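Since the structure comes first, as structure tokens, the remarks are kept for the end.
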């Protein structure tokens, strides 16, 4: 039943996302004992204008 | 004050969403005693490439 | 595959929560065509000190 | 390490967002003692069809 | 209608939280034109064992 | 800058969580090119009464 949300800066390819969810799922299964088919992952692509660190969005850096 | 987030696969019509938020709000009001106007709902449309179960995104299935 | 998060003020009984997830799930199934067993719901209990509207937490009201 | 998510109705300019993350970060630094560079903010733009209050999406109002 | 979630390491006092939500709300009102009473804020207190940076939880640092 | 949220049923040990965040971070670094120190992970422990699948909380199953 693990539910995973991953927020990434936009620009990753679908292939990278496919690889990422495969490996993250395996890591969770290995370390928590959850069943593989019970792991859900939702990816959010953040635009540079919608992400900020230290008070500045990435379009300002 | 209930705040509800619903993540759905993209492809639902606006009409379906309108119907969904109406019925979900009624269900919460009925069962928790919250006031109708205090229920907020945010819908997120997930693309098939951004949602994975069992280590595979839905574009791989 | 709908994933639902519901943030409620603490104080609802387990019975109210059971009733709520049953009715919310039915509402989503009815209006979106999702399968019942594919609907996941996570409830978060907010304390009054951790929830604010209009710039004041509920412990201040 | 504070992580902040702000959901806004779409339509704010990038300039408004830049100003908002600057002032929100300063507010958190001032009141919690967190370091400025440790504050992350993610903005989500909600469409009117994906946000509901009182059982109605904003496209219905 | 802005909905704000702030995840903080546990240990802030209620007074700090009260001050924080007041100032964050003011910052959002000032920069986006939202009405004060329309801003909701939910705070989550993260324990050190449930927060990680760089692959290590804070209990390991 | 990846921000990861993992919702798990309560009952995992701190050691399991430490191992999980280590391996999940490595998986994200390997597949997306993000820097290790830029990956933040927040874990939420869900109680059985606050998690439901198919319209029933886990305390009902």
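A, B, C, D, E and F label the chains in the order they appear, each numbered from 1.
Here is the rule we use: contacts are C-beta pairs under 8 Å (C-beta built on N, C-alpha and C of every residue); 3 or more make two chains touch, one makes a residue touch a chain.
Computed from a predicted model, the values in this text were never measured in an experiment.
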Sharing over half of the contact pairs with A-F by residue number is what counts; pick that pair out of C-E, A-B or B-C.
B-C
Using mean CA coordinates as chain centres, what's the chain D-chain F distance in Å?
24
Hey, how far is the Cα centre of chain E from the one of chain F, in Å?
20
On chain E, where are the residues touching two or more other chains?
1, 3, 7, 26, 40, 42, 46, 51, 53
Chain pairs in mutual contact under the definition given at the outset:
A-B, A-C, A-D, A-F, B-C, B-D, B-E, C-E, C-F, D-E, D-F, E-F
Which stretch or stretches of chain B touch chain E in the complex?
1, 3, 40, 42
Where on chain A is chain F touching in the complex?
1-9, 12, 16, 19-20, 23-24, 26-28, 30-32, 34, 46, 51, 53
Residues of chain C touching chain E in the complex:
7, 46, 49-57, 59-60
Chain F partner, complex, touching residues on chain C are 14, 17-18, 21-22, 25-26, 36-45
